[in-house]
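Input: structures, listed below.
Below, chain A partners chain B and then partners chain C, in two separate complexes.
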Partner chain A sequence: MRQILYSKRLAPYLFILPFLVTLAVFWIVPIGRSFVMSFQEVLYGQATFIGTDNYERLWRDRVFWQALYNSMRYMILTIVLLVPIPMVLAAVVNSKLGNPRVKAFFKASLFVPALTSVVVAGIVFRLIFAESDSAMMNQVAEFFGFGPVRWLREDITGLVALLALALWRWSGVNTMYFLAGMQSIPTEYYEAASIDGASKFQQFLHITIPNLKPTIVYVVTISVYGGLAMFLESFMLYAGNSSPNNQGLTVIGYLYRKGIEENDLGFASAVGVVLLVIVMTINLTYLIASGTFKKEAA
Partner chain B sequence: MAAQPPTTVRGGSAPQESGTGSTPPDRTTAGPRRLSPRAATWIQSGFLLLIAAIALVPLVAIFIGTFQDGNDVIRRGMTFDVDVSTLSLDNYVLLFTDSGPYFRWFANTLLLTVAQVAGTLLVSSFVAYGFAMYHFKGKTLSFIMVLLLITVPFEMLMLPLYVQVNDMGLADTYLIIVLPFLAAAVTIFFFRQYFLGIPKEILEAGRVDGVTEFGIFFRLVLPISKPAMAAMAILNGMLCWNNFLWPLLVLRTPEKFTLPIGLNTLLTPYGNNYELLIIGAFFSLIPILILFLAFQRFFIEGITAGAVKG
Partner chain C sequence: MTTQRTKMSALVAGLAVASLAACSGGGSGEAAPTQNSDGSTNLSMWTFADVHAAYYEEMADQWNDANPEQEIRLDVTVYPYEDMHNKLQLAVNSGEGLPDVVDIEVNKFASFVKGSTPPLVDLTEAAAPYADDVVQARLDLYSKDGKVYGFPTHVGAFVAFYNTELLEGAGIDYTTIETWDDFREAGAEYNAATDKAFGVASTGVNFVEPLITAQLGGEFFDAEGNLQVNSPEVVEALSMEQEMQDAGAISTIPGGSPDSEEAFGAINNGDYAAIVYPAWYTSRFVDYMPDLEGNVAIAPAPVIEGGAAQTIGGGGTGASVPVASPNRDLASDWLAFAKLSPEANVAVWEVLGFDPVNMAVWEDEAVTMNPDNKFNQYFQTNLFDVLNEVKGGIGHLDSFTDPNWPSVDNTFRTVTLNEIFENGVPAQDALDQTQSDLQNELGQ
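Up next is the complex of A and B:
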């Protein structure tokens, strides 16, 4: 016993043991089983191998394609919104001008939404995007001369509500990422550029954005995962996993429906495997294309 | 406008404090636009305050909602057009006198959060120490697994883990809510970064004094790791307090429900407890808001360090 406690050779393994056990018991074994199950029909605990039937069924399943389309669309649009907008906000906060108190208040206000649970955020947004004339977003719509809109009944307006929720919750966090990235850019770069007569906008384009690349890569990567894995936002906004014409159904929502609500474990596992492959492919492609691996290898 | 060439080079000097007297307009002739720093500050402040106000609208709306009739809010949505004469403290009275299981959910969530944060900090820092302080065979591969787990969202593990837990007979227990997440990848990563900055001489000094490897961790390293502990306590505390999906899958007994699960049950179309929904949601935010106001720095540090997804 004494020798174990003093052994420098054994100690590291004992330190990381909890992680290895967690990895094995709660990740590798379940995911491995799920992979096996995707080739099975699982009924009341009885599993029979059915080859690639689940995958073939999935290929022909229109609802799955719709869910995939919804998830992809959401993922792309959250990236389109949640990269440039926070970047501009961070640039505004980062400028040397300005009242520090206003900036501190701004940062805190934008950050607070990230502290809310998806349940509370979903309840509030459901009520803000309610159908009645007097609901907040309909009052906004009326101000701009249209509406009232039945937000959650229609595909595109439902998507708008989902994106508004994402924008509200994550703008602050992404702004903080970009702000941290900007503060690590040496000020000499900007001084040199302004001596050369570059405008603020040119500086942003040619100094800030290139130097923010690692931050951008990081934010985009987590947004790809987060976007494709989106489920609870929709679940809360539509007060459950069903929405008109499945307009709010995502891949995870479909997986939840098949696996947990309908207990069709084999088929749901196939959904999970396909999603994992899609996510990994997108991310590897993106990381290779953006040169992240090259940099780390060097 | 374009006639005058830039004569003065801006930047590098003269910190622009806001509101320090009037500035002659010809002081800044760097760019094509000639805004005095003061005017620019006003515009910037106005812009930032506008965005901040928009971000706060949902929170203000829920606060006002606590004084409104719940059924009315559910039926008609939240509105800018608040009728002050209808506001009342009825919901508050209801919450503190006849709120059914609400405070039980609250206590359950508190208990789970405290247990999970304590456990996660202990286990994750323990693991991180192994990664930070030793060289050993298999280290690179193991650490790549940590990095991999950081990027895989829980939603992808949801179904396999759910099946596994049912087979293990651990469904509907608090243990299984906590157990899979004690060695939390993000927290391990954060602690490892912190430990890498600790001088190795401390370890050697401990060894010379005859302290065990584990004694060095618990007695010498942990006490000087409080800033990292604070940031990770905040991050994990928030994630745990708001945790919804995993408890939703494993918890069955209503007495064991946590706040997010309980609030979700109030949202059902057949609900007859809408009075409680808004005020209950609002009160579930209060602990976190208080902590945020008190420890804002640790929040931003912890969440931007680790917020892969909330």
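Up next is the complex of A and C:
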């Protein structure tokens, strides 16, 4: 016993054991089960093997493709918005501009949305984007001379509401990531650049962004996953999983509808497996293309 | 040093074991009935409507008065509609965390009786003492293979609610509206005179569509259970509504259906003058539209001349007992009393304002004409006068009991009705598309 506990070779494995066990119990086993269930028809206490029937139905299902399109669109637009905007915000916070106290307050308030519950935020955004002309966004629209807009009943305006929610909620978190990245860039680089006569903008372009690459890769990777796995925001904004013409339905929303609302867990498992494959394909391609797996060339 | 280390490892190991035990706790087979020291039994219940909770508590009190040796302590939890059904679906699949009694809405019910071993108790025996007085069609809604799995709350016959103040202002007499053609003409006239909406084209609920389809003698499924949402009758029903919309007689409503918070505000505001909805909508007027008190008349729903039925039951809630409940026998007996007994059916009207399934109550004028009743005070006409008028013509749509009805209902509420009423897609095209989508979804 003593020998095992004090063995230098075994110790590292012992230390990571809790993580491995959690990973196996809550991740690998469920994924394996889902994979098996995706080939079954699952009813209360009965599971029948039905081959690839679930996948064939999925392939022909217009609603699934719509949900996938919605998720992809959301994922791409969140990356387009949630990489540059927080990066600029982080640069502002990191710069010598302004009073440090004001900036500390700014930094803290940016982060607050990430701490609020999506459920509460979704309900508040639903009220902000309500149809009636007394709702907040319609008053804003009226101020600019158009509207009332039926925000959550039209495809594009509904997407705008979802993106506004995402931007409000995640800007702060991404800003923190970028800020951490920026603070680890040695100041000598900037000093050398300014001696050579580079402008602030040139410094941002040629020093900050290249040195932020690992952070950018990380943020994009989690945004791909986060965007494709988005569910709660849409669920709360539309007060449930049903939106006009399924405009707010995401892949996870569809999985939830089939599995939980319509009790077709086999089919829902097939949706989950397909989503896993898509996310892994996009992320692995991206990580390989961005050179993350290569040994540091330095 | 060494002893400290040993102690620490022991502590860590202990914590790990404890947390694992905590995860697996609770799942130790069938529990025995749970009785309190005073002999009463705790029954937990889930529902999705506040008003239902008040009603069940009233019925628990009445049961305790009549059965002192079998007292129950009812604990009702109200969840939002979708959440409750999703929570229930997860619970029945895992077999844990279930209540003793649960309200299941009719459009969700079929999911819970899929397969050959439904997770709900067969209530046929508990229903037996009351079965003769109850509208059989409403029990059939919650039955499968001859077994009753849920008890109905109301008939939910479709009626029409007219805002007489607004109609008189436009010179329209609602009593002349008998058919859908009359309804369309009156609506067009009202719309031309006031530039306001008359009736409602719902995109978020699929209610009036089954009504007109049943009046035309159609179904959403054929006798073998094959989907036929583009059958001539369904197409005609939707085309009729589309014509009404074009004529200005019906319009879409904020919130997508009359039964939503945004719509309550709009109707209360006088933005809509005519609502064709199941009789239980009385409770929404009384609870959420206080400004209209005294201005609303109930009348029979518009019909098709020479149609197959005058009206049908719409919506509904079946109360069931999960098999996993340790108190299932007592729960079943109480539930039968709470939903089917004559006392219960009086309470259904007095507390909820619904049209009870026990039709004997419909003729009991002491109950139906009671001047102190808040529903009688609110409306200009008496609901039961209207109900008794159409009583012989209450038809039934078999499609409601089809196991695939939830999928049809869902697609209509999210896609089809939006395409027709919001995007102006012709009814035939929208229904052909729905037919092919659903055929794929259902594997037909």
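Everything below uses one rule, namely that the second predicted complex is superposed on the first by the 270 of 298 C-alpha atoms of A that agree within 3 Å, B and C clash if a C-alpha of one lies under 4 Å from a C-alpha of the other, contacts with A are read in each partner's own complex, and residues count from 1 in each chain.
Simple rule for what comes next: a contact is a pair of C-beta atoms (placed from the backbone, for glycine too) under 8 Å apart; a residue touches a chain by one contact, two chains touch by 3 or more.
The structure displayed is predicted, hence computed values, not measured ones.
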| item | value |
| --- | --- |
| Touching partner for A:131 - first (chain B), second (chain C), both, neither | both |
| Touching partner for A:89 - first (chain B), second (chain C), both, neither | first |
| Touched partner set for A:284, first chain B, second chain C, both or neither | neither |
| Chain B versus chain C as contact partner of A:245, first or second or both or neither | second |
| Which of chain B and chain C A:98 touches, first, second, both or neither | first |
| Which superposed partner A:229 touches (first chain B, second chain C, both, neither) | first |
| Which of chain B and chain C A:260 touches, first, second, both or neither | both |
| Of chain B and chain C, the chain that contacts the larger number of chain A residues | B |
| Residues of chain A at both interfaces, chain B in one complex, chain C in the other | 5, 18, 130-132, 256, 260, 265 |
| Residues of chain A defined as touching chain C within the complex | 5, 18, 43-46, 53, 57, 60-63, 130-132, 153, 240-246, 249, 256-257, 260-263, 265 |
| Parts of chain A lying in touch with chain B, wherever the complex brings them together | 5-9, 11-16, 18-23, 25-27, 29-31, 33-34, 37, 89, 92-93, 95-99, 102-103, 105-121, 123-132, 134-136, 138-139, 168-169, 171-173, 176-177, 180, 187, 190-191, 194-195, 197, 199-200, 221-222, 225-226, 229, 231-232, 236, 239, 252, 255-256, 259-260, 265, 268-269, 272, 275-276, 279, 283 |
| Chain A partner contacts - residues on chain B that touch it in the complex | 6, 9-12, 15-16, 18-19, 30-32, 37, 40-41, 44-45, 47-49, 51-53, 55-59, 61-62, 65, 73-81, 123, 126-127, 129-131, 133-136, 139, 142, 145-146, 149, 151-164, 179-180, 182-183, 188, 212-215, 217, 238, 241-242, 244-245, 249, 259-260, 263-264, 267-269, 277-278, 281, 284-285, 288-289, 292, 296, 299-300, 303-304, 307-310 |
| Residue ranges of chain C touching chain A (in the complex, touch as defined) | 9, 16, 81-82, 85-86, 89-90, 92-93, 108, 111-112, 114-119, 203-204, 254-256, 262, 265, 406-407, 410, 413-415, 418-419, 422-423, 437, 440-441, 443 |
